[in-house]
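Pasting the structures in now, so scroll down.
One chain, chain A, links the two complexes that follow: it is found with chain B in the first and with chain C in the second.
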Partner chain A sequence: MSTSRPRPIGLIGATLALLRKDLLIEWRTRARLNAIIFFALATLLMFSFALGPDTRQLEKNAGGYFWLAILFASVLAMGESFRVESENACLDGIRLAPADARAIYLSKALGNALLLIALGIVLLPVMVALYGVKVATGFVDLGTVLLLGSLALSAPGTVYAAISSNARARDVLLPLLLFPLVIPALLSLAKATSLVLQGDPMNQLGSWLGLLLGFNLIYWGVGFVLFPRIIED
Partner chain B sequence: MPSLPALALHDVSKRYGRRWALARLTYALPPGRSLLLTGHNGSGKTTLLRLLATALSPTAGRVEVLGRDAVADRDSVRRDVALLSHASFLYEDLTAHQNLTVLARLLGHPSPKDGASALLTRVGLEKRSDNPVRGFSAGMRKRLAIARLLLKAPNLALLDEPFGELDPAGIRDMEGFISELKAGGVTVVLATHLVEQGMTLCEERLHLQDGRAVDA
Partner chain C sequence: MNKLIKWGLPVVGLGVLAAGWWLGLAWAPPDREMGDVQRIMYVHVPLQWMAMLAMFLNFVAAVTYLVRSTASWKLDSTAEAAAEVGLVLGALGMVTGAIWGRPTWGVYWSWDPRLTSEAIMLVTYTGYLVLRRFVEDPDKRATWSAVVAILGAINLPIVWFSVRWWRSLHQVQSSPKTVDPQMVLCLRVSAIGLLLLTIAMLIHRYRIAMAERQAEVALPEALPGHGPAASVRDTPKVA
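Here is the complex of A and B:
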């Protein structure tokens, strides 16, 4: 083994190898998933308590509350994804392997997106029960919003989690950097989710999904280009 | 490239904030020779090893590794160089076997799991193969870290205090691994406070003091 020279794998191969590693770590500890699920459930409950018994208000704004709960929980998830790499300088170990920095970005961002999708799937029935909402336009639409929303939060979140991972006040820095950037996506997500939950008589959902797709293209494109500079410099 | 030096430093400096860790260091290691790096704590040994591993870029000057520029040809250099560092590069929540398998997959080994198992046997960790690294002693971590280095099959091995945290048997094993690397044609750069031990393994010596090369 030590005498044979291995052949380097490409971007996709490295991405899959690193994603597999991240999912394995998550599966072995389940620390991140458990933490963000309880945090997001508590957030949904707090919105419910804060607004009192006015179920119409809850129902009307359920989409926004749902995505706020996911956004707040995502900060925990993404910060933790780089804490694992800081321990024992594992990120250096991967860089020097060498793994393509873009593969590190893609694997981290995809891993974070998968975590947020899993969180969304757990939160949905709770939201339906707590806020008294129904899925009006179907689960395919809801799944599409969840997929695009999770990707839209994880792409910039992964970049900023990498930037803030070495900072002393990283727990404060990450939300400070991330929240302003994702406000446009968050507005689109709240609107699209509301249409899915309350019905879409004017056929507006497609436009909001198109807008979310556009945000994703921008976030992922910028992250893909910037990330190598962030972790190397 | 028999005539090219294994590594060459051209007026290399590295600064952290206001402090110069290396100051205008110039040196060339002849091909086929191994280098012992000595110096007190904070003299610049680790910084030099990290520059050679391309984990850092020099503030000024040029670093050449195996005939290639360590900044311009970074990815190419990284494929040929392996670093045994103070930090183990090991994932605490993964088992010893999983840690090596992850790296083997990244390196494109045809059978990552078999390769990882073979190396764990070679470093004497086969019985702890399926245990998470979090429960490992410092010496076991060092053994696993050397397995990680051997997995890369490097042409240049950079070893930062490889004997630290090892018991006498572990030190003998480590000396054996280093001798094996050298016998296999690998250039070794060894930073250690155990000068006598290092001198038996290396033909050349570079002594650093405050980031500068001085006579030992």
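Here is the complex of A and C:
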């Protein structure tokens, strides 16, 4: 019963434990979520000022602005997700625990994706009000786009956040590395969201969602395999 | 032998390149539809080929670095040299392409898959080189930049594919069968000249990188980032 060796914990168990820890920290302070919500709201508002009072133009491009706001906010959120661990050398502590290094990646990436999904849920009604859009094809499609989009941004973003959190000029580095990488995701997200908001007469939504799914599979896979090399010493 | 590579290779490369360009400008026939504008092909196409070759070398070096268990400075330096040379060649290729695009398409730039992928490639490898400047620890720099190189390289086909769905305009590559043999010869001579020049640049840049690695490993306290002089030394290289 009370043996000296701790019971080894599986990948999923470790991931869930770490995710629970991150969510608990987030819930206790709510600092990250509050910051990115207000940042993204300000960004949405700025788009409407930058494009003038023409509501038709805003309505037409609402999908693109929505995802740009989330992308900008995600850079802040993901950069912060590893800054928490650099205090008091927390990352070293986690690595010393008998857990798979890949569990750190999964928990961080899932945590970031959850944060972005929460952000998207808050932003949606604001976008509907500010840009005067309607959800044409249904909330299930919109939810699928939001889920796939948040996962697509957080998979490569978490890898790059882990790298840039230890480098000099990390605030410049993360967007510089991440933005070119997520262009395929951003493109398909903007298209898919526009289709959801304006109707999909040609039935194109499926192919954009397929592209997003492929993007997710590739980057979750590559991140999962390469992440242990990033945080090794 | 060393001197032969250091001086002979660039001189021969420049000579062959000059011959190829002279043939292309003076000897090859002008294109039936584009006229003399088409002659920029002898500059533009070899630049793009060599840029692709250098980026491919960077990818191979990055993958090999990560697969091997021990840190290899040779692979890391190869990756750095290839990315830098490839970035220069790719940027020149893009500029020459834009110069050709204006009279041919009427615009300098279009959002077709190839142009877009190349622009994203240039931004990706700029980020890669910036990352290398911002990490002082040579071990971490090598590992992290290898990861960034792999993720960036995987991205390019996805970009190409997604932008193709988005819209398209670039002309399809001509095959040697449909092109005048004089044009093919000029293109091949130019490409060989540029290839020799690219190899010379790669070797030169690789030697600089290896010297930097050796200095960093031998004198870790002299690494940049530990004194006020470091930031002064590093900033111009980033830009």
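The working rule: the second predicted complex is superposed on the first by the 228 of 233 C-alpha atoms of A that agree within 3 Å, B and C clash if a C-alpha of one lies under 4 Å from a C-alpha of the other, contacts with A are read in each partner's own complex, and residues count from 1 in each chain.
Definition applied: a residue touches a chain if its C-beta (ideal position, glycine included) is under 8 Å from a C-beta of that chain, and two chains touch if they have at least 3 such contacts.
All values reported here derive from a predicted model rather than from experimental measurement.
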| item | value |
| --- | --- |
| Contacts of A:L197 with chain B and chain C, given as first, second, both or neither | neither |
| First (chain B), second (chain C), both or neither touched by A:L123 | neither |
| Which superposed partner A:R95 touches (first chain B, second chain C, both, neither) | first |
| A:I183 touches, of chain B and chain C: first, second, both or neither? | second |
| First, second, both or neither for A:L58, with chain B first and chain C second | neither |
| Doubly contacted residues of chain A, that is, touched by chain B and again by chain C | none |
| Of chain B, residues touching chain A in the complex | 53-55, 75, 78-79, 81-83, 85, 87-94, 98, 102-110, 114-115, 118-119, 122, 132, 148, 150-153, 184 |
| Residue ranges of chain A in contact with chain B within the complex | 1-9, 13-14, 17-18, 20-21, 24-25, 28-29, 84, 87-90, 92-99 |
| Interfacial residue positions of chain A with respect to chain C in the complex | 156, 159-160, 163-164, 166-169, 172-173, 176-177, 179-181, 183-184, 187-188, 191, 207, 211, 214-215, 218-219, 222, 226, 229-230, 232 |
| Chain A-touching residues of chain C, taken from the complex the two chains share | 66, 120, 123-124, 126-127, 130-131, 134-136, 140, 143-144, 147-148, 150-152, 154-155, 158-159, 161-163, 165-166, 225 |
